[in-house]
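Structure, as structure tokens:
By written order: A, B, C, D, E, F, G, H, I and J. Residues from 1 in each chain.
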């Protein structure tokens, strides 16, 4: 799946962009049951910005995929970093209760 | 469109001005559908201040314009900096949900 | 899909049961995009009660189905009434924002 | 503009549908300035239901139209009644502050 | 298990007693996993009142018992009615999320 | 202990008086451990009103007394009715958690 | 208009005084329409303190005056500094919505 | 009026004591009208502590006294410092609205 | 009264324990009237931990004792330090209103 | 009981994982009565992550075990550190009221 981007309207300026998705859903790889969570992406763009509609379609690809919380969060960070090569990016995933437990995963990338 | 200004009543004094517009609307450049958001401008004036009525009319020009969140936020900062040449200015835009996602953009300018 | 039931532990007594599912998801029949909502079922059982685990699996069948809000809400009422033949049942569906709009559907059944 | 409908999935059952639009905007006929409000539609469908996507596009037609609050609210009721001929419908519009005042209009239709 | 009672200090007076237990736990009869809920008992005493310490121990007997929500709620009502023969009693159970669903059961008894 | 009263300044008028005591404490008759609660008295006075300072000292007499919630609540109602013979009085006691349970008792008296 | 003062009861001690006026009103110099706001004054007094009644009358003088937010805020600071010559003073003005926008101005003075 | 003290039960230990009086009242020296406020005293005791009952009676002496907020706050600090000679003390007075304005005064003493 | 302890399950690890008692009561040494407060104990255990049931009984010994807030707070710290010899301990007492005043006392101990 | 793990999807990246269990229950070793609490685990994974389903079953093993709060909290930290050998882990337990007291225990581990 291609995550589209568009030229950063002001690449010379350091500024932050935040996209929050409270309607993320994927499948548990152990039980095949659905997981529900909120994915928050914060980043400092460089040459390009993430296009929202393709980001929405990117998230939809997880809908019927069996994958752990930790793997999802890392993969989203890897995919979005690959798509837009930002100066800095953070992805946070917060999950609804499963088996009485609820979880939060936080991952960060800084361009070296 | 001219953003009017008026003489800063006390240019010798460093002080901050904040204008919040919770009724901003523009169009998505991909779908042609309307976007709704809150624009917050904070600045340290130098010789002149932004006049509120012309600021309101300036915002109205985006009503039927197809433009990305990131471009709007940068353009507002550029236009307002050009209009009043402040010591410092920050523009924050917060957007209502589109495709299940909501976004926040923050840009800053410091006069060098 | 079979919705399982178990014998009402006290069919002689008139009492109410409420099951709330804040993690319901289906697909929009026009766009193919996912919808998210909360389904609330309230009923007065007669001979049998709805078994929760099979109710959860019943809801999962809508995950990749294209169907309108109104049709979902009516179908859930019809299916659950068929499964447990209650004295009375009400189904309420509340949906997250789509195109800036959010919706609520309320349907009721009383055994004649 | 055509407001699309789809067959009521259960015309024999009396039930209520509510659509809330917190992103409605039109123009003031006296000043040409934008108005912002929330439109709530509640109805008892008969043979057909309102289709949400065309309802969204219907609302967009008011974006650049100069029209009073009272006229908008009545026209929406008239147009939606004409589109779906419901047993009963109510339209409520709530408006943001203009000149220090904010307003609410409520109109109802019952099929005779 | 005996639920102890003590003489109603004023049987001639109609008055209500409410006991809330937010720390109830039992086991799911299908999965063997624990359920957690809040049990609320409201009643109009006749000759005797429920003694709190024995009520606490009575609730503890469900700790490792596999039993449905509906059966628990009805059994508590039956046992407490048998123990104190009140003019009227209502038992409400509210349960934490299981499989994304949460439930409420309400049962009532009026002495005929 | 004498609960003092003073003449109702307007016995011809029907009006309500409420006294709330969130610092009530007594002893459990089974364990000897302290109980803590809030006692609320509401009444329609007739010839006399309850004097507050003597009401405070009246409550203090329960401090080291072993007595059930139900008995306390009824006794307070009986004692205060005896002291001031009101048209109507209601006493509500709400208790802090004991053994994971918390309780509310409500008793009422109407002069026949 | 004279802003009265009275001798600081303890000029040797450094301490802070805050006066909040949530009922300030003036006129917009462009439209002649009223503006409403909250004015907060914080200061470290030296030889004299601001007298509250004359401060109230001082604020009343703006009622029918056409003046910009920025000018009001600076003028209040200048006038109050002139009246009581404090070690330090800060004036904050927060304004209700005008044309969909609301504003905050913050100015500070430190005696050199 | 004598503010009583009692020996600090642990003068060797540095610890803080806070007394809040939300029922303070005095008179405005200009209008003769009552003022209402909250007085907060925080201190590090040395040899003696302030006795609460005499502190209450001390506060009562201001009831019919015409005195400015600033003078009250400084006088309370002076009187309490004189009474108990603490290592450190802070007095804060917060006043209800007068003429649309409300005020806060903060004074501090550190033993040199 | 003996405050019981039990061996710290992990004396090699530095960690914190907090016990909050919102149901503390004692007597005022001047008036003989009851005081009500919340006692919070925080500590870093060394060889032993405070046993909760004996801590509850320890608190009960103050029920009918006439003692100042400051003395109670220091005595609890002294007694608990003597009982478990922790690396560090803090006791905070917060008291309900007496004579219109409410108070907070904070004391700390660090093992030298 | 084996706490399962799965390979960390990105061991080269430092990131945090949090699992919250508001449905923990164990038994008091002195009274045999149940305790209820919330267990929060935060950690920086190294080679492996904790698998949620086995974590849930691990917690269930405490259900009928008599053990002190302090021992539970330290044992959970020890067992989870042994299971996944993280760079850093913190376990916090917060307990509901027992005998009028409620408690919080916080323990931390950093790999040396």
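By our rule, a residue touches a chain if its C-beta (ideal position, glycine included) is under 8 Å from a C-beta of that chain, and two chains touch if they have at least 3 such contacts.
Nothing here was measured: the structure is a model prediction, and the numbers come from that model.
Asks: Through what angle, to the nearest 5 degrees, does subunit A rotate to match subunit B on its C-alpha atoms?
Replies: 60
Asks: Quick check: more C-beta contact pairs at H-I or at B-C?
Replies: By number of C-beta pairs in contact, H-I is the larger.
Asks: Identify which chain pair among B-C, A-B or B-D reproduces the interface of G-H, meaning that over half of its contact pairs, matched by residue number, are the same.
Replies: A-B
Asks: Counting only Cα atoms for the centres, state how far subunit C is from subunit I in Å.
Replies: 53
Asks: I'd like the Å distance between the centres of subunit A and subunit D, where a centre is the mean of that chain's Cα atoms.
Replies: Comparing mean C-alpha positions, subunit D is 36 Å from subunit A.
Asks: Starting from the mean Cα coordinates of subunit A and subunit J, work out the distance between those two points in Å.
Replies: Once rounded, the distance between the two centres reads 28 Å.
Asks: Centroid from C-alpha atoms only, then distance subunit E to subunit G, rounded to Å. What do you get?
Replies: That gives a centre separation of 62 Å.
Asks: What are the residue numbers in subunit E that touch two or more other chains?
Replies: Expected reply: 22-23, 33-34, 36, 96, 99-100.
Asks: What are all the touching pairs of chains?
Replies: Chain pairs that touch: A-B, A-C, A-E, A-J, B-C, B-D, B-G, C-D, C-E, D-G, E-F, E-J, F-I, F-J, G-H, H-I, I-J.
Asks: Residues of subunit F touching subunit I in their complex?
Replies: 22-23, 25, 33-34, 36, 60, 63-64, 96
Asks: Given the complex with subunit J, which residues does subunit F contribute to the contact?
Replies: Contacts found on subunit F: 33, 36, 96-97, 99-100.
Asks: Applying the document's contact rule, which stretches of subunit F touch subunit E when the two form their complex?
Replies: Listed in rising order, the residues are 30-31, 68-71, 73-75, 78, 98-109.
Asks: For the complex, give me every residue of subunit C touching subunit E.
Replies: 6, 8-10, 13-23, 45, 49, 51-53, 55-56
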